[in-house]
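Each chain gets a letter, A, B and C, in the order it is written, and its residues are counted from 1.
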Amino acid sequence: MHLLLSGAAKNSRERKMPNFFHIVVCAGIAPDPLQTLEPATGPNGPGIKNEMLLPAVLDPWAASALYEAAHLAASCAGSKVWLVSLGPKAKLQQLMMTVAQKASFELIAIDGPIGGFTDAHATASVLAGAISAIAGLDKTKLLLFGGWESATRGAGVALQLTGELLGIADQFQGVDRVEMSDDGSFEVLERVEGGKHLASNCGGAPAVLGWATGNLPEPRNNPQVGMANMRTMMPALQKAKTAALDPNGLRYISVSLPSRQRSTRVVKDLNPDEIARELVEWIGAE
Amino acid sequence: MESILVLTHCDETGAALSKGSLEAVTAAHELAARLGEALSIGIVGSKAESAAQSVASAGARVLSVSGEAFTQPRFASDAAACTAICRAAQPTLVLAPHSSRFGRVMAAVAYRLGGKIDTHIASIGGTEGIEASRWLYRQRIEAVLTRTSRPWFLLMDGGIHEPWSGEAAVPHAEQLAVELPAFRTRFVGFRSPDQGGAGTIRPEAKLLFVAGAGWTKKQPDGQIRAAEAGDLILQFLRLSAASLGSSKSLVDQGGDGNAVLPFLNHLNQVGQTGSTPRHPKGLATCCHGEEPHVVGWRFIGERRAISLDPNCGWTRGKADVVYIADAFQVMARLNALLAKSGS
Amino acid sequence: MSSEVQRPATDVDIACVGFGPAMGGFLTTLTRAWDENPADPAFESKIAPGMPLQVICYERADDLAAGVSGVVTRARGIRASFPALDPTEIPMAAAISQERILYLLDPIGASRRSFILRVADFLLRPVTRNHAFELPWTPPFLRKHDGLILSIGQFNQWVASQIMASGIAQIWPGMPVGSPIFADDADKPAVLGVRLADQGVDKHGEPADGFLPGMDVNARLTVVGDGPVGAVGRALSKRFKRGEEHDWALGMKMVIELPENTELEPGTVWHTFGFPEPEIFGFLYVHPDRLASVGIFVPSSLGDPERTAYRYLQLFIQHPVLWQYLKDGTLRSWGAKSLAESGKTGEPILSGDGFARIGEGSGSTNMLTNSGVDEAWTTGAQLGEAVLELLRAGLPFTQENLAGTYEKRRRESWVESGAQRAEHARNGFHHGFVRGMIGMAVAGLSAGRFSLKSGAPPAHKQIRPFTAGDKSGSTLQQAAAQATAENRPLHDALLSARGWPEIPLDGRLLITQQDALLLGGKVQAMPGFADHVQFLDRNLCSSCFEKTCIAMCSGQAITAGPEGLPAFEREKCVHCGACLWNCAQSSDGEHGNIEFRAGSGGLHSAEN
């Protein structure tokens, strides 16, 4: 997350905007990216072995969405940020110990299954239901944020469907930047093929933004932010409703961890000229 | 009894189908042939009828949605177009390329048709039913799945099937009228990344060149030669038309006040939270080859590495050939040879 | 860390530093009372009237499950807090089913054994199996028969979940605490709170992008449970000098997934000594689901300047009596930590105005029974009881009041009596392995009545310097040449030169140290923190020949840099603290030349 902001972009972010937004961020749980993962099949279908034991993080691109949301809310007075997260309650509690130190938000916790093997349609249905029930949510001001694709299922489906279920007609995916104008309209940059971005202009909320990495560095852990969040967080976790996820006819025939072990030739006795020649030949060969 | 529709869209020119679309047509044609079922092709784009010529040889029913509103990607218009085509074709199975354009809308379209969707599909097989295979957990776990729901939408990943190629002809394309809402989103333009490394990411390249953290660390002679490293890498990219990837540690180094390669940004990151590109060959340099990074090499064919560490991860089953050598020296000579041969 | 900068500040009732077994005991005790009667006036905050007591705990590790520590315990204190404890509730926990003590002989012949020991080996050989002699009986002082095998990471997380769910205490991971805030004008030990580590600084600690000065947390009571190498505890020890922390060990372990057909049962406990070097104690504990924790302790009394842990651990697991069960296993996790082994001799001031110390950093570990977790937990629970007593009586947290409640409870408990029995149990090791074992046995069997009353020299003096003879000797020269030629560290080459076999790397269980860091420990550090390992007087480093810090760094974060100066890579540090007591130089005659400060990072493995 080290793309530098251009000077102009930075200025517009620091101006206080007259419009406010209700930003709802959907973020799931993913295993800490450094963990070694193994699939295991249980009575409810496939999952990751020991997933409940492994250190977990907020899904990385969804976390970017949360930080962007907090940043946007800070520059648009009157805005509010909610974080909607579906996962096992105990895991959500652990997660919040870190996430709550990074941004201010109101938590909507949903006690549900963990993992990327669940059906995205079921997840979307639960999320849309929870969002519709948020007291005080102004749908005309709604920006639905989340990760474009998760680090677990990686489908890019759940957020899109949630937006569709909520009747939002403008969706953007693979977002790296959003720039607000005074009238509430905004320009969005979405990742497209070839390492480029597609720039579009949207008239305003409501809209769905599925983020990629965005521009902001990960906020520092700040226990003051955490302590302020705790007041609403613990009650939210305690009264989290349980949600079952309907498989919706999805059936896994097999899950495997293909081990690609090659027999490696380790070359220690060639000098750089000889290596370069060998490489030129290899690169050119079909 | 299934009926298969493949949805396609035009490329930036508006007059030809995108490469991913042509690959999806191949996949759909194969599936239709295997199942002995009919195939329809839907096309979305500003000049959809002219794009349709390239797939006339598939012998399928062609439905198109064309016009100004469909020139550039936009959720509202693309979703409406695809939905209209689906309603007209009434398919049980819908294939489409997993491009950014269709990835943006297809889940919503599936919902509007009362169907279900699975994305990033690598292949469709199965003897009795229809089995789709895809990767989860950032390409670490391969899953084969199936659904009973219909219509079932499958977004196909690119670079796996051959693009459809057949005699161009003018097909009979049914033009569909689409009722469009007032748009609140309009296309502005395409942008290249800020750093001016313009075009270091080349999905079509035959070779992926990965730069690891070792390029900007202290070398055995105690010096940091970041500028020289940058020059060598950029020169190699120019001469070989390779695509540039990076390990997470190198991309992150900018944040810790270490020397950086200014043309690298997080879009170049391969593995971990970065991308999993597809290239026939990959060359890793100054990189340890640890598992979280190598996971991003899942779809790289032949692999070679240059490292000073004879115990690095690449030497243990992750690469085909590892040269224990100083990458600065090897790359300088490699560049010289490439320049001479004019390739 | 400067104090001229504008710092955010907050007020809490109780600030806690570090979350481990001791803090778990403390916060569980408070939480229990809160759950039983939330209306208890004890729980009224004095700094935020109308709110409940503000109890905030700050932990350096990014995840509470990332702890690594001793994993076999009699669990008396733990069971007192959880009377209905069922091991199956805690992931990776098992009740002890079998205990063995094994003396390991050296099948390779490279270890350095005294003549007496060689004679003993010769005499024992006929009654060994797989080059190991099993003691026919476990001495009472070592027995843990009714205890538990635990993963400390999973145990900590299990405890923390319950604490957090109750709502009275907050635990913030990823939040290293830089230093205590001393009351400068007090004429006795007094602490006003703690200062968190600065963020958004460069490696030297100077403000950089996104500078966030560490918050000052003002507290009525600061509870310090940050372990033997924690920055706050060490700052307190330095300021209010008492206790000599001269004895240390580095515990390094692997968690291994055993082969499918394994015969080892969960609850199996082995204690070993004798291999790879006689002084290196080792262990094997078997968890459920075919997981085993296997590790060694490399003590400061092992004077070899090129002592090291990782390769010794790899050699240890290949000892025939272990390898028969471990080969074909897979490395799941790895970690290391320093253990404070000075016991009562190293005990610091336990409380002062506004602060109290619990756990391993307060000298609670019993070096005779080799147990620390239970003792740490119990001291935490004792402080919890004391704090409840003071809160209910409306008394302030003064030194007298804390001494009269916490210290009194501690002194009257089995923790203290055990510590007294253990006080001199290990002194003999400073005169050699055999004397050490005899001394320990005598102390153990006589319950401390008889022991060797000699002190331990400071850690830097325990490292035998290379003599001129060593330096010109063939082994050292051969090793140095090999080290340069093959670009490997000196300590590694020296082990090879002495006859230790190269490790047959298999990419699965026997892997390089860097791979263990990345695959087993998953170590990483957050950006924006300063280098937390500091080399104080660079001249001492340039002239140092031993460079034991490099040999003993668990993560190979300290390496040889240019001009004889060491280089430190923060991202590789597992925060074991070995560098603190493995420096062969000293400017003040007491402490080494390396400072271990508060910083970010460390293990991300949840199975330790």
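What we mean here is this: a contact is a pair of C-beta atoms (placed from the backbone, for glycine too) under 8 Å apart; a residue touches a chain by one contact, two chains touch by 3 or more.
Computed from a predicted structure; not experimentally measured.
Chain centres here are means of the Cα atoms, and by that rule the chain farthest away from chain A is C. More C-beta pairs touch across one of A-C and A-B than the other; that pair is A-B. Remark: chain B and chain C have CA centroids separated by 48 Å (rounded to whole angstrom).
The geometric centre of chain A is 37 Å away from that of chain C, both derived from CA atoms. Averaged C-alpha coordinates give centres for chain A and chain B that are 20 Å from one another. Residues of chain A found to touch two or more other chains are 34, 36, 217. Across the assembly, chain C contributes 209, 518-519, 527-528 as residues in contact with two or more other chains.
Touching of two or more other chains is recorded for residues 252, 255, 291-292, 316-317 of chain B. Those residues of chain B lying in contact with chain C across their complex are 218, 220, 222, 249, 252, 255-257, 288, 290-292, 308, 311, 313, 316-317. Against chain B, the residues of chain C that register as touching in their complex are 202-203, 208-209, 487, 505, 507, 512, 514-515, 518-519, 527-528, 561-562, 567, 571.
Residues 8, 10, 56, 58, 62-66, 91-92, 154, 157, 161, 164-165, 167, 170-175, 196, 199-200, 209-210, 212, 215, 332, 518-519, 522, 524, 526-528, 604-607 of chain C are the ones touching chain A in the complex. Of all residues in chain A, those touching chain C in their complex are 32, 34-36, 52-55, 90, 93-94, 97-98, 101, 217-218, 220-224, 226-227, 230, 234, 237-238.
Residues 1-4, 6, 31, 33-34, 36-37, 39, 46, 48, 60-61, 116-117, 119-121, 151-157, 160-161, 163-165, 169-174, 187, 189-204, 213, 217, 248-258, 260-268, 270, 272-273, 275-277, 279-280, 282-284 of chain A touch chain B in their complex.
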